[in-house]
Structures are given as C-alpha cells and as structure tokens.
C-alpha cells in the first residue's frame, strides 16, 4: 500500500491532521504522541515530530519535505532520500497523523 | 464500605476449621481495592490458604464484591481419571479443568486473571511494586524477568510490598494502589527465597504446573494491614535477571521507559487517553532505570542503598 | 440448598432486578447491597454494565454508590468506549481506503449507525464488529479494494468459506493486518437461505448519506427493523437482553421525536417481509421493558402473530433465554429453552436439507478434533 501510494504522491500536498487529534510529550528529543481517533500511541524521533507538529501545519509537497529534512549524510535531492521521505509520509498518513489534500 | 480499619476481623481470627467451613460456603476478603468472594470446595488447600491469607480482612456477606470466584474439586476414578479442579468466575470456567494437585496455583492464577480481565476502572501496569519511606518503586517487566523474586526479596528486607504483578492506579490520580497477594515463586526462585530469609513463610511446592514448580510466599502482615495506603512513584526500575552478571542500575531514556511500560500493561490501550496521560505523568515525575542483576542479596542491597540516598 | 424452588426464585430475582435498573437506572443506589451485587453480576453477563454506567452518570446518581460498584460501572464504560474507538477508527481507515476509485455507497449498520447518529443507546454499548452493507454487485469490488489496502479475509476452512459465500448474506470477516477489528461486509440483513426474504436493495435505496462523511445510514425504520430481525430471527437469544434494550431505546427515541414513526414502521415491516420479527420484538419489548405502542397499530401487529400455540411456546422460552442465568444457581430448564432457541435460529436461517448438512459437518469436525 505504501509503495503503491508513493509513486503519485509527489504531485500531492500533505498536511498535518487537526492538532486537537494529537497529544504530545517529549523527553530528550524523543517524542511520544497519542493519536486520539485511533487510541494508539506512537514514538517519534525529533525530525518526524517536527514534521507533524510544525512543518506540515501548512500544506507541502513530498519534494518540499525532502528538501527541508535532508539526510544526515548525503544530498537532500537524491532519489533515495526522496523515496525514504515518501515512505515516511505514507506511514504517517497510514497512522492518521497527516493527510493528503 | 471497602474501608477496613486495622481493627477489622481477619482470616487469622477464625479457627482453621471455621475458615474451612466459610471457604466452602463463600468467604469475603478485601484484596487492596478489590472485594473478593471466594468459594473453595477442595479440602486439600484449606490449610495452605489459612496460612497465606492469615492477615486479610474479612468482609461481611452483604457486600458488593468486585468478583466471585470458585474452585471445585471433581473426584477422580482410581485407575481411570485423576481428580481435577475447576476454576470458575460467576459460574463460568475461563479455562479447562486442571489437575487437583495444582489447586492452590489454579486459584491464585485465577484471581489474578479475573483482576486483569475486569478492573478497567484502574490503569493496570504489568509491574511489581515495593515502597520505601513513602515512595513507590515500580519494577515493570514481562513474565520471566525476575520481578516476583526481586519484589519478594525487597519485601523481606523492610520494603512494603504493594504487588508482584499489578501496578495499579486510578487514572487522574498520581498514586499507586497496593494489591498485596501471595507471591507465586517459580522454580529456582523458591530456594533462592528460602536461602534469602528465614522469615519467608512459604506454601507447599506445587510441581508440574504450566510454569514449572510453584510455591507461594505469604505477603508480610504489614503490607496487608496497610493496603489502603497509596504512594506516589519515585522510581521506575526495569529489572532483568541475567546469570553471572554483576548488579547494575543504568539510567534509561524516558521514551524507552514509556514504551516498555505501555507495551507491558494489561489495559494501557483500552484506557485510551486517560492511560496515556497517566503513563506520561509517571514517566515525567519518576526517574527511569534499567536494572541487571543475578544475585538477589546484592540486588536488594543495591536498590536499598540507592533508595536510601535518593530520599 | 439448591432446590427447583430456589433456582426458580433466583431466576425471578435476576429478571426483577435487571428490569428495574434497565427501566429506572437511577434506582440502582436504592438497592440493598446483596441485590446491588447480584444486579452488577447479571448486568456484566448481559453486557449492560457500560450502558448502566452511562445512564447513571447522565442522571448524576453515581455518587451514592459504593466504590466497588462504581469501579465496575467505570470498567464497563471504559471497555465500551475502547470498542467504540476501535470501530470508529476502523471506519475512518475504510473511508480512507475507499476514498479514491468508484464511489460505491457504504452503509453503516447496527452499532456503527448508532454511534454515527449519536443515538441514545450508543454510549456504553459494547459492540463487537464493524457492520457494513453494500450493494450485492459492489461486494467484490469493496472486498478487493480492502484486500489491496492491507485487510485480510479470515482464514477459514474451504467448507466455511464456501458456506459464507454461497449461502449467507456476508463475506468472511475482513481484518486489517495491523489491527484486530473484524469487518462484516453484507449485501443483506439475512442469509440468502433464510425463511424471510427482506430486500437488501430496498434498504440501500432508503439509506441516506451522512453530512461530511463517506458513509450512509439506513432510514430510521430500517435501523429498528434490522435490530429486530437480528435479535428474533438471526440469534439464539441467549443473554441477548441488551439487544432488546437497544430496540426499546430506539423505539423510544424515534417515536418520541415523531409519533408518525409507528405508522412508517408498520408499513416498512410489511414492505421488507419483516412482520414476524417485528411482532415478536414489540411483544417482548412491551411485556418485558414496558415499551408502549399506540392502539391504532396494535390491531395490525396482532395480525402478524404466528399460531397461538407458537406464541405460547415462545412466551415460555424467550424471557428464559434473554435474561442471564443466576450466576450461582443456573437452571436446567433455561438451558433447555436456550437449546431449543438455538435450533430454531438455525432452522430460520436455512432450509432443512442444508441445516442437516451444516450441522453434520460441524458435528463431524468437532468429534474428529476430539478423537
């Protein structure tokens, strides 16, 4: 499902769900978020948390996310990094933390 | 009505014979916040129960009970069928009949099962708890990590036993609630505890259960007398028994502590938001550690020193 | 000790207590402690703890209860809330999976419909599965889309799988690999083989889309009739008091808002070939739970009755089955009543030759496993 959706997500925009749906706690750059609609708890690293909490409050494309969250070692515009970001976004969508518009 | 002053009648106030009769007809005892009604129709465990339950407060018949459990022994046919016991809750058996020699273990596990399946007014973490100078130490772990042994050791060394199984709290309140129960020691732990303290009052050894040989340790009288005294959590210690390893208490990242606590709980997911908030508050206020140990004496000494320095 | 009289008295006591607190939950705190204890045990068995908890909380009468009683009600509420949360999320994910592609109508049924419409019986109601109805022609499309998106069909024996697909009104349940909720996809409310032949198309035709939602709900009459047929013609009635409470609550709600609801219900029961389940449901809702229906429809409903001897037998069996047994003093007569209703439920679901075949397969399987 995730690989299937990532092929055409580039043209789409992503946005975080209504902030009321998420409860946050964080310690030492690690974040524990409660997703109200599903009742599930998710564990996010600092980058994923920043993505959901701040960056995607405004709708952005996969490309924009890839460029703003470069890999620690390597260029932000590589196809591998783009694919990794696409998978991450698909996973966050699957969990109900972001949505495509 | 759940309140028992320390002056309440206790199991030990009855004669063993009277206790046996009451068990047969149904006896009410207070187990932490739970009012239990227990019927036992198996003579063979009356003496052990009398010893293990000595300090529990008796409840009158006209009580609202948290659960009604029952153990019936079905006679065997020599050469054909061994005697078996049936555990039931409100008239229904949650599992198949078990060999009668295991009656005591079947009853004790059965009571834990019914608490775990029902008590969703509470957050139930899978954790042993002991209290030191008014502060609770949570020892959360999956079965087999040695939390019962460790908790038995602490409770025989001046710590107050809350539970070897249930980390119980009402969501929205900060304190852990004691649920003192007989501690089910398994296999090597039995001789470890016998060697650890001459005060250990153990029930009979029951071989051949699904967890091997089991023997029950009577909870210290003080922990039952004070079972209404809740305490806030100061330490989260995730124990792991590892053979031939020196004792070590290592700080654990809070996020990892959250994950261990939540994934090992009985009803964390079920409680949804209130479970999340309760665990977040615990993690936020208590310190978080991993604890590796192999020798019980060393482990108890280290935890006691640590708690001593930290209060 | 246990005598037929004490068993009879015990069964009567359970019924009396449950009736009292289902009709007047605010009176729960008035009960003596032993009665309160027995009521809570029976309510747990009847899956009514959460329902009672919410009713009492709405009336603000929970603070007069002993803590142990409150804890049990709170536990029941938490369990019901958790199930409702899982079902709502499952529906959210199904809507997401079905958001692109063909926009086939998806109608939520039973518990999910109560939840979406915020009907008064929804809070505290413990429900099991997600029930979705789609047009028969769309069934395979929906199944395919969901299977592409991570849901899996229950692994059944070839006999069971074939049985579902060939003879029933639903597919084998679907479950997402990462979650536990079962989805039942239906195209009708009774199996193809059932004695009664309601029209799934007619139910779909009268359904309406909810605002801002991917889902539709059946019309009010169909919601009630579905609950009625489910209880009276698709179950063994054992411990199903909760289902009768649903029906009573729904009737109260819809007819309370609009008295013409009764006339529409009567008409619709005839259109859908559901007169008999409606007859039984109204009979037992009024006899056991004091549901009131207007005189003007009473004559019509009487005409839906089976032969009087059948009514007499059902009057003996149904209450015995619906109410839970006294947990300490179960009655053998009740076990027999339940067995008879169990056989009846199969009898209603399939023709005799299929029933004989179905039961023989089940019997052989059970005994082969034991051997």
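When the chains are written out, they are named A, B and C in that same order, and each has its own residue count from 1.
Keep this in mind: a contact is a pair of C-beta atoms (placed from the backbone, for glycine too) under 8 Å apart; a residue touches a chain by one contact, two chains touch by 3 or more.
The model shown is predicted, which means the values in this text are computed figures rather than measured ones.
Asker: Check A-C against B-C and say which one is joined by more contacting C-beta pairs.
Answerer: Pair with more contacting C-beta pairs, A-C versus B-C: B-C.
Asker: Sort the other chains by how far their Cα centres are from that of chain B and give me the top one.
Answerer: Result for max centroid distance from chain B is chain A.
Asker: Where the centres are mean C-alpha positions, what is the separation of chain A from chain B, in Å?
Answerer: Each chain's C-alpha centroid was found; their separation is 42 Å.
Asker: Counting in whole Å, what is the centre-to-centre distance of chain B and chain C, each centre being its mean C-alpha position?
Answerer: For chain B versus chain C, the centre distance works out to 38 Å.
Asker: List, in ascending order, every residue of chain C touching at least 2 other chains.
Answerer: 82, 85
Asker: Can you tell me which residues of chain B touch two or more of the remaining chains?
Answerer: 269, 272
Asker: What residues in chain A touch two or more of the other chains?
Answerer: 39
Asker: Within the complex, which stretch of chain C touches chain A?
Answerer: Residues 82, 85-86, 88-89, 92-93, 148-150 of chain C touch chain A in their complex.
Asker: Considering the complex alone, what residue numbers of chain A touch chain C?
Answerer: Those residues of chain A that touch chain C are 1, 4, 37-39, 96.
Asker: Using the touch rule from the top, collect the residues of chain B that touch chain A in their complex.
Answerer: 253-255, 258-259, 262, 268-269, 272-273, 276-277, 280, 283-284
Asker: So in the complex, which bits of chain C are touching chain B?
Answerer: 32-34, 36-37, 40-41, 44-45, 66-72, 74-76, 78-79, 81-82, 85, 325, 327-328, 330
Asker: Would you tell me which residues of chain B are touching chain C in their complex?
Answerer: 1-2, 33-35, 61-66, 68, 90-92, 118-122, 267, 269-272
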